[in-house]
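Next up: the structures, one after another.
Look for chain A in each of the two complexes below; its partner is chain B in the first and chain C in the second.
Then we have the complex of A and B:
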């Protein structure tokens, strides 16, 4: 049997589990080794080590009332809970708890799409609803609305929004927390609150107006442990008439400065509506000279441009984005974009995909870049690219945020390239991805393994990246539970005042400290000694 | 928002091959819905198994390689020595199907019982192990 939570006697633990079983039924209480192992983090950087974060049990409620019952039992026993929605946030911890011994509250069974309004372009869903689920609902019912999906379509709207994930369509929708409107939360005390207009019992605008009256508290339920969210509303995108996906390439290293400046300006002016990827095709692959330059951490523009001239014609930088709307408007936006970028010597423009909506089933199947059209898939999982390549075992996302400036992208690439080389890793792909309106995220997929020695190396790499980038002004926006203490340390202004505020709130909202202890390094009083 | 483009999902062949020609799924699956159709219990084990596959597996393991990263990975892995699409395999046993669903492999995380129940897994295993 799995170990009980720290400090729990086996007798009390079993008594608590019996009460949980009474609430959800025998089928939905998981306490055997075999069942609890399904809640491991398959990509854990601590896989198989004593410090690996593991659940003691899992319980799967099917209603708000059952969630309230679970919370009541947890308060009675001091039982740590760890709610998950679909449990598929694989690169940020998956279904495993932040604090070993927690009982996972698996909300996957709460998978009802409670409302979709084609007229108001909104939805209200439970935490177990995946992007696949909502897409199917819209498609089956011929509702001309788009979702904005995370890369893996098995993710859930609620969980992804609460961890502040994102997607690829219009700016109003792709910041998933920003696109939510109203939530229902079971507080750690068991009380149910609705935020925004939902607090007014007869309001007709719960999914239409975010703020309600008084302080707007929704933010404290993201990247936190202040409650169990059981419903969330979201704004959905009206299906456009058409789309045009384009690519812009520039030949020289320093061209990324005017390229990013201009695209950011066009994004702020709502001329470019979609997420923008700025990547370096030239710096992809495993060319030895390219890797040497990256590993040096300080190759000059001249060295890089000299390399580019001999590298077979791959552009130094490529930007990719999509226009959505009426065809004539798209044509004008695209022409304006080209006019604004025409001053970069050697710039090239390419139209890569054009669609008129709605798509047929066959077109949906054929779309290459599905998430840009609100179509969920698992295509990001890719495949082996070369025969004989070892299968990867997992990875964590390292996700520093930088200003939307080409100089910063170059500087981060120089710094991280040297870190990877110094520690014997192949460097990450190079890209600045404009998900949010005023920043770029420079994702790196840092590999994880099933061997302690390899994971020790990867943890050292990850910590070096987190600290080094924060020191240079590029802190992360989201982080794996194993590194959440480190992450919050990077937000330590005024001796960690923000972190102290988080724990002040924790003490007030969750006096017994039962919900997700340690998540984002927010610990209840009774467990603050658990912080390393 | 993950940016990893290279992920391998590798299944290891276990069990003897059977010399049986490939069979089509028992019912046509709309292209757009093949990753999203709800599991419906029609009472027929094979149809239920196909529905479970459709809902939980086909987004990676359908007859690809397009929109089937798992199939593409298995093609690279086996180089055609066995079919890359799981539905075309004739050497899978129920036990090996269950092993991989509940344990995962490489980048494929295990599936929990709130996702694929034991009853669904029995049906899926029977479907993929059919001869």
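Then we have the complex of A and C:
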């Protein structure tokens, strides 16, 4: 049997589990080794080590009342809980708790789509609703609305939004937390609150107006442990008449500066509506000279451009994005984009996909870049390794955030390439992804393994990246639970005043410290200093 | 219900195992699985070399065949997840290893797991089966009932 939470006697733990079983029913309390394995982080950088974060049990409620009952029992026993919606965000910890011994509150059974308004373009969902579920609902019922899905698309709307994940369509929808409108939360005391207009019992605008009256508190429930969100509203995108996916390539390394400046300007002017990827096809793959240049951390523009000249015509940088809307508007937006970028010598423009909506099932299957059209996909897994290459055990995402400036992207690429190489790793493929309107997130894959020695290397790499990038002005926007303490250290202005505020709120909202202890390094008073 | 013990001892799959599917045909897998009380479907990635032949073999052996090309998400949403939710179900697959990785993880929530797999170059053949003893948040009533019976 899994170990009880630290400080718990087996007797008290079993008594608490029996009470949880009384609430949810025998079938929905999972406490055997085999069942609890479902909640292990298969990509853990602490795999098999004593410090690996593991659940002690899991419980799967199907109603708000059952969640309240679970919280009541947890308060009675001091039982740490760890709510998850679908728990499939593998590169940020999956379903495993931040604090070992926590009981996972698995909210997948709360998977009701409570409302979809085609007229208002909104939905209200429970935390177990996956992107698959909502996409299928809209499609089956021929509702002309799009979701904005994470990629891979097997996660859930609520969990991804609360962790501040991102997507690919219009700016109003692809910042998933920003796209929410109203939530219902079971507080650690068991009280149920609704935010925004939902606090007004007869309001007709819960999913239409975010703020309600008084302080807007929704933000404190993201990347935190201040409650269990049981409902969340979202704004959905009206299906456009058409779309045009394009690629813009430039030949030289320094061309990324005007490329990004111009695209950022066009995004801010709402000419380019979608998420913009800026990647370097030239820096992908495993060419030895390319890896040497990346690992040097300081190769000059001339050295890189010399390498580019030998690389068979691959462009140094490529940007990809999509226009959505009426065809004539798209044509004007695309022409304006080309006019603005025409000053970059050697720039090339390519139309890569054009659709008229709605798509048939056959057309949906054939879409190459599904997430850009609100279609959940699992294609990303097929691209994790080259054909025939040995599979990675797993990886964590290292996600520094930079200003949308080409110089910063170059400097970041230089720095992280050298860190990887110095520590004996092949540098990660890097791109600048403009999920948000005024920043780029530069995802790096940091491999994880099933051996302690290899994982010790990977943890050192990860820490070096986190600290080094923060020192250079590129802190992360999100981080694996094993590194959340480190992550919050990087936000230590004024002696860690922000972190102290988080824990002040924790003490007020969760006096017994039962919800997700340690998540984003927010510890309840009784566990402060004990860490994981 | 096809469980690991039955699969490995051959008491369910009387003749050739699914592990040999791509080279020796599907044999009696669908009939045997149905006889054991668990409907079976074949899942084939037609983008893999030989995928069309494997699908044809499966069809000839009486399988209902779900085909897809590369990305299994659509097949999951339309075919696999609704059937697992209603369960029990056995999925006999011929896909990439990446697809199996996804399916195995997704199916766990429905009380299912991979009970057999074999590599065939770029492809992998496998059996995913719901079975008593594996409880999960979305396991269907029939599977839960078997769990309750066996643990009463």
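Note that in this section the second predicted complex is superposed on the first by the 525 of 532 C-alpha atoms of A that agree within 3 Å, B and C clash if a C-alpha of one lies under 4 Å from a C-alpha of the other, contacts with A are read in each partner's own complex, and residues count from 1 in each chain.
Quick note on the criterion: a residue touches a chain if its C-beta (ideal position, glycine included) is under 8 Å from a C-beta of that chain, and two chains touch if they have at least 3 such contacts.
Please read these numbers as outputs of a predicted model, since none were measured by experiment.
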Three-chain arrangement built on chain A, chain B and chain C clash or fit
clash
With both complexes superposed on chain A, which partner does A:60 reach: first (chain B), second (chain C), both or neither?
both
Considering only the touch criterion stated at the top, classify A:433 as touching first (chain B), second (chain C), both, or neither.
first
Should A:108 be classified as contacting the first partner (chain B), the second (chain C), both, or neither?
both
Where does A:132 make contact in the superposed view: on chain B (first), on chain C (second), on both, or on neither?
both
Touched partner set for A:393, first chain B, second chain C, both or neither
first
What is the contact status of A:467 with respect to chain B (first) and chain C (second): first, second, both, or neither?
neither
Give the label of whichever partner, chain B or chain C, reaches more residues of chain A.
B
So in the superposed three-chain picture, is A:377 touching just chain B, just chain C, both, or none of them (first/second/both/neither)?
both
Per the definitions at the top, what is the overlap between the chain A residues touching chain B and those touching chain C?
28, 30, 34-35, 38, 58, 60, 88, 106, 108-109, 132, 135-136, 152-154, 361, 364-365, 376-379, 381-382, 384, 387, 391
What does chain B use to touch chain A in their complex?
1-10, 30-33, 35-38, 59-60, 65-67, 69-70, 72-73, 75-77, 79, 102, 104-107, 109-115
What part of chain A is in contact with chain B in the complex they form?
28, 30, 34-35, 37-40, 42-43, 58, 60, 87-88, 90-91, 94-95, 106, 108-109, 132-133, 135-136, 139-140, 150-154, 165-167, 361-362, 364-366, 376-387, 389-395, 397, 399, 429, 431, 433, 435, 441, 443-445
Of all residues in chain A, which touch chain C in the complex?
26-28, 30, 32, 34-35, 38, 58, 60, 88, 106, 108-109, 111, 128, 132, 135-136, 152-154, 361, 364-365, 370, 375-379, 381-382, 384, 387-388, 391
Quick check on the complex: what are the chain C residues that touch chain A?
68-74, 76-78, 81, 96-99, 101-102, 105-106, 108-109, 122, 133-139, 144, 147-148
